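Chain IDs A, B, C and D follow the sequence of writing; residue 1 opens each chain.
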Amino acid sequence: MNIFLQQLINGVFIGSVYGLFAIGYTLVFGVLDILNLAHAAVFTLGGLVALWLVQNAALSIWLAFPLATLLSGILGLVINAVAFAPLRHRPDTYFSGLISSIALAIIFESAALGIFGARTVRFPINTITVHIWQVAGVTITSLQIEIVLIAACLMAGLTWFLRHSRAGKAIRAVAENERTARLLGIHVDSIIAFTFFISSALGGAAGILFGLYFGALSPDMGRSIELKGLAVIVLGGMGSIPGAIIGGIAFGLSEVLTVAISGTSNLRDAVAFTVLFAILLLRPSGLFGRKQIRET
Amino acid sequence: MDLHHIFTQFYAVYGSLINFIGINSLLAISLYVTLSAGQLSLGNAAFAGIGGYTAGILTMYLNVPYMVALCAATLMSGAVAVVLGFPVLRLRGVFLAIATLAFGEVVRILAINLQITGGAEGLTPIPNKTQAWMIFTALALVGYFMAVLRRSRIGWSFASIREDETAAKAMGINTTWYKTLAFTIGAMIAGLAGAMSAHLNYIITPGEFGFSAAVQLLIYNIVGGTRIWYGPVLGAALLTALPEILRGIGVSAGPVRMGVNGFILLMVILFLPNGLVSLFSRRKD
Amino acid sequence: MALLEIQNITRMFGGVCALNGVNFSVEQGKIHGLIGPNGAGKTTLLNILSGMTPPTSGNILFSGKNIHMLPACRVASLGMARTFQNIRLFPAMTCIENVIAGQHLIASRPLLPRLLQLPSAWRQDHEYEEDAMATLSRVGLENRAQVRAQSLSYGERRRLEIARALASRPRLLLLDEPVAGMRHGEVSQVAELVRILAGEGMTVFLIEHNMSFVMALCSRITVLNFGQVITTGSPDTVSRHPHVIEAYLGVDKSS
Amino acid sequence: MKRSQIFSMYILIVTALFFSATLTPAPAKAAAPEAKIGIVFSMTGGAASYGATQKNGAQLAVDEINAAAGATGIHIKPFFDDDASTPQQGINVFKKFINGDHVSAIIGPTLSDTAHVTDRIAQASSVPVLGVSNTAQGITEIGNYVFRDSLTEAVVVPNTIRTAKEKFGISKVSILYGNDGAFTKAGYEAFKKALLDQKVTILSEQTFAKGDRDFSPQLTEIKSQSPDAIVVSALVEEASGIVSQARQLGIPASVHIIGGNGFNSPSFIKNAGSAADGVLIGAAWSSTASNPLNQKFVKDYTAKFGNPPDQFAAQAYAGVYIVYDAIQKAGTPFAPAKIRDALAGIKNMDSVLGKFSFTSGRDADYKAVLQEVKNGKFVVVGE
């Protein structure tokens, strides 16, 4: 029995990291109907910048984490200014926005390769003290709990922010209908820039937590989570924050259970993409999505 | 040194590069066809994989003649495209892209786990049958076909669907049928290119058909320009030769080349929306 | 003889009843108007007629054939063409290209003869281009043939969309607010064009808010309000009908 | 212009050319003979981290050789290039080396997938190619111009399993391997054959994909089977993740972890931290091997590049010396065919890898080594 429990914990843990990555991804899609494919590169750079702060600037992780998250947010502003704002008024904006974000992702990855080198590196051993507990035959580490808590706080914080704060409501208004939002006096351009700031900050934070737990950061670490992030936001419903959180946990669990049941993980990714494929065809609005997505 | 020697010297060094330009141009056109009907598909790299594996298996295990293997590969990719097309082509825009991307990843994972496709090491040794003239004859024929298609009823229907699918329906265009046709023609050309490439490199590995390969085809189209069929060919030729050009200028191997690639794409999408081909095409924009 | 018979068409969007038991018919070779306040369900009805949206219940007979289940492209191929309220032109194409695209149903343009470069193929193309130019000149856009649709003026776009609809030589032309936003001169030009088309035997069914245009042009008018037909008849009888006045001008409390 | 004037002008030009050629500031003696060697590794793409250390090892060897060769000895003129971890780019580089630069020998490429394709071109143009990190089957079978100085897993692994059985009494194991890379798949096949040959029961076979970082599902399964040891075929990024997560999941230290070539790098110990202790690594080279050439190499490399060398750097370094030794035996830096014959004839040459010779099939032949990680250092268990 405790193996199943252990797998459950593994699934919830990795699912919360997927969820944290996905809410930034889906936030931008919700507002602009465009996929920001540079998001995975921000995930990578967030982790590497935090590592640099801890190693070279000798900051404690509890200072480096918020600072690197902030820097990732600023990177988000750059992404918006360079890749999305200039294209907003073009007829094929969803298409060209996709391409410009791919271009930025390539540039960011080559910058990471150039600055931080190709080697896989990790946070110094004593960055964070890790206690390992054996509870009813199931092992949980303090780091796991801290990460799940931080992820949960960020997700809850974002949900509260969108529902109750003025800026949050403005973001939802722009997501609903940009022209009407403009009529109501919302400064749409700065709200969109602000959305990129939050989205990239969350993406960077997910990268730092991922690097911290798995002890492996490299310029191409964003690649494997990019496709899974895509599957999570489609599963959860494009543009829906609760969908991304629940989708992330569900996706993490499905990955872990596929391995547990089939005993081998070569089918793991195949299952993930087949599920994604099926959802797109049968229920493209996903679990919680509400956008009119399929027919014209 | 007489001209002949200079040419053989140039071809000896850059022969394989020229072949890759030809293959990548064919792959770029395969995506151009689908884009010309307004369908953003990221599955053409996977169709190239299907074509490559089909032809490779036929020539390696059943030593089927090369030309027959090419035709079989083209038809196989087309058949898979028709089956995949009907469910997938009801999706719009970025959702179609994600669905075809998921299909591409499933193909890649299957190729890794199946025995007949040679698993992770890839299918090898595939007899080296592809010659340069074959690639460029195919490219010329496909190019001619594209130019003529543009002026036929099919071409006008693709263009109408690309501009506005609803209006196209109201004009009597059976959009489902024509979208599937664009998707299938693209898949067949990709299958042909994949089969030729497999017989050029002795080997075909699953890694060549994943997400980044599909995105690369999209980049050829965007940089080249998707308004006219030889736009993507221009994009494919430039970006395939870029590493050699950069080496020639003395840009050291490593991240800088990758950065230059990304930078060119960004400049094109920001300042040259209709791609390089719009620089010297006479159409007033 | 009725070309188009609409038999108690109903359409529900979730709980909202957009159309409720609509019944009327459109005579062959006549100009039929459909008027009613905003939100009466006019465009929804047009979408149902053209096969864009399936009705919840009811039938549509087009020269006797039941078409309410057919998709838009099949309906169009039976000889019905339409324009859109918010103008759906092909922006990146020039005017002549828009009209050539509109010839889809009548221009076969087979691929094989073109591949073989047969002279008959190019002659055929030339003929179709001339036909497209003729259609353009009917709407007064012959000197704007090579201009991109996206750089046309509002009135010109409306006329180009009518030209594109005419390109497939339809038997029934559905116009969704053809003169909305046009200057007076252009309105009378369109009215003249529609009169000529009807004269040539084409049946025209149009939705319009410009009352003088409708009253002058249409031989029969149907008034729609809250998804129900108030009345169908000649312009005079309709303009004096109490419910029509009430729907437009509201009830006179004093009387 | 009269014919005679043209003729005299002609003579003038020819003599001017002749004198200028001899008076060009050539060094006093004829230039020292130069052997042109093409060296191609993956500087970008998936295998970039291996290409980087390989280039360092090769560069160090080239600098040492050119310094030692002095004015008269044969110098090495290296042509470094990047195959971007793809067969396509590898072909372009090989063609440029052979037809453009007319190199006499080639070292590389990094990945076996690329070698499968590029080595055929070297064979067809009869230019000897020495792989320094290709361990998959079917590489040296391509032809008599294809060599490699990297011990294949098929040689290293049986020795590892035998020693592990004798020393730690291992009878039942679980296997965990990366199934979408030629390097890790080849390692898995060698381990499986060795385990079956030596009658070790295999409880289960778990797989993961390149780039994966989360191994807890597989490790939880393995933990429930309580094996004597976990046999892992992985690259270094995955290896450190697997080991640290295994210990974090509570798999006791009594359950040994046995790794292949992929583990043999200082970044494995750095990244895995204390979890690396007790891990057994069968490898083709050890940084703590006592042979003096090796000690000097480790000291010089660490001084020059700031971090200790890994197996990939060592095999690249040895590869340059092997090719140089063959060029010296062939007596001329320009005849690829003679260099090939000299390479084939190398027997018991002293190198950082130990007493090195080529087998008849042109594979590497020297003593593999089993290492155990003890408080942060590789310790050689049994020769």
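By our rule, a contact is a pair of C-beta atoms (placed from the backbone, for glycine too) under 8 Å apart; a residue touches a chain by one contact, two chains touch by 3 or more.
Note that the coordinates shown come from a computational prediction; the quantities given were computed from them, not determined experimentally.
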Longest centre-to-centre distance from subunit C, chain (CA-based): D
Contact-richer chain pair (by C-beta pairs counted) among B-C and A-B: A-B
Identifier of the chain whose CA centre is least distant from the whole-structure CA centre: B
Centroid distance [mean C-alpha coordinates] between subunit C and subunit B, Å: 42
Subunit A and subunit C, separation of their C-alpha mean positions in angstrom: 48
For subunit C paired with subunit D, centre-to-centre distance based on mean C-alpha positions, whole Å: 74
Between subunit A and subunit B, centroid-to-centroid distance (C-alpha), Å: 31
Overlap residues in subunit C, where contacts from two or more other chains coincide: 91
Where subunit B touches two or more other chains, by residue: 112-113, 166, 254-255, 258
For subunit D, residues contacting two or more additional chains: 44, 179-180
Residue ranges of subunit C in contact with subunit B within the complex: 50, 52, 71-73, 76-77, 81-82, 84, 88-93, 97, 100-102, 104-105, 107-111, 114-115, 125, 148, 164, 168
Complex contacts: residues of subunit D adjacent to subunit B: 43-44, 80-82, 84, 87-89, 91-92, 95-96, 98-100, 112-113, 116-117, 120, 136, 138, 179-182, 184-186
Interface residues, subunit B side, partner subunit A - complex: 40, 87-88, 90-95, 97-99, 101-103, 105-106, 109-110, 112-113, 165-166, 211, 215, 218-219, 222, 254-256, 258-259, 261-263, 265-266, 269-270, 273
In the complex, subunit A residues that touch subunit D: 3, 6-7, 10-11, 13-14, 113, 117-122, 125, 130, 132, 134, 139, 141, 210, 214-216, 218, 220-221, 223-224, 255-256, 259-260, 263-266, 268-269
Subunit D contact footprint on subunit B (complex, rising order): 9, 12-17, 20, 112-113, 119-122, 124-125, 128, 201-203, 205-207, 243-244, 247, 253-255, 257-258
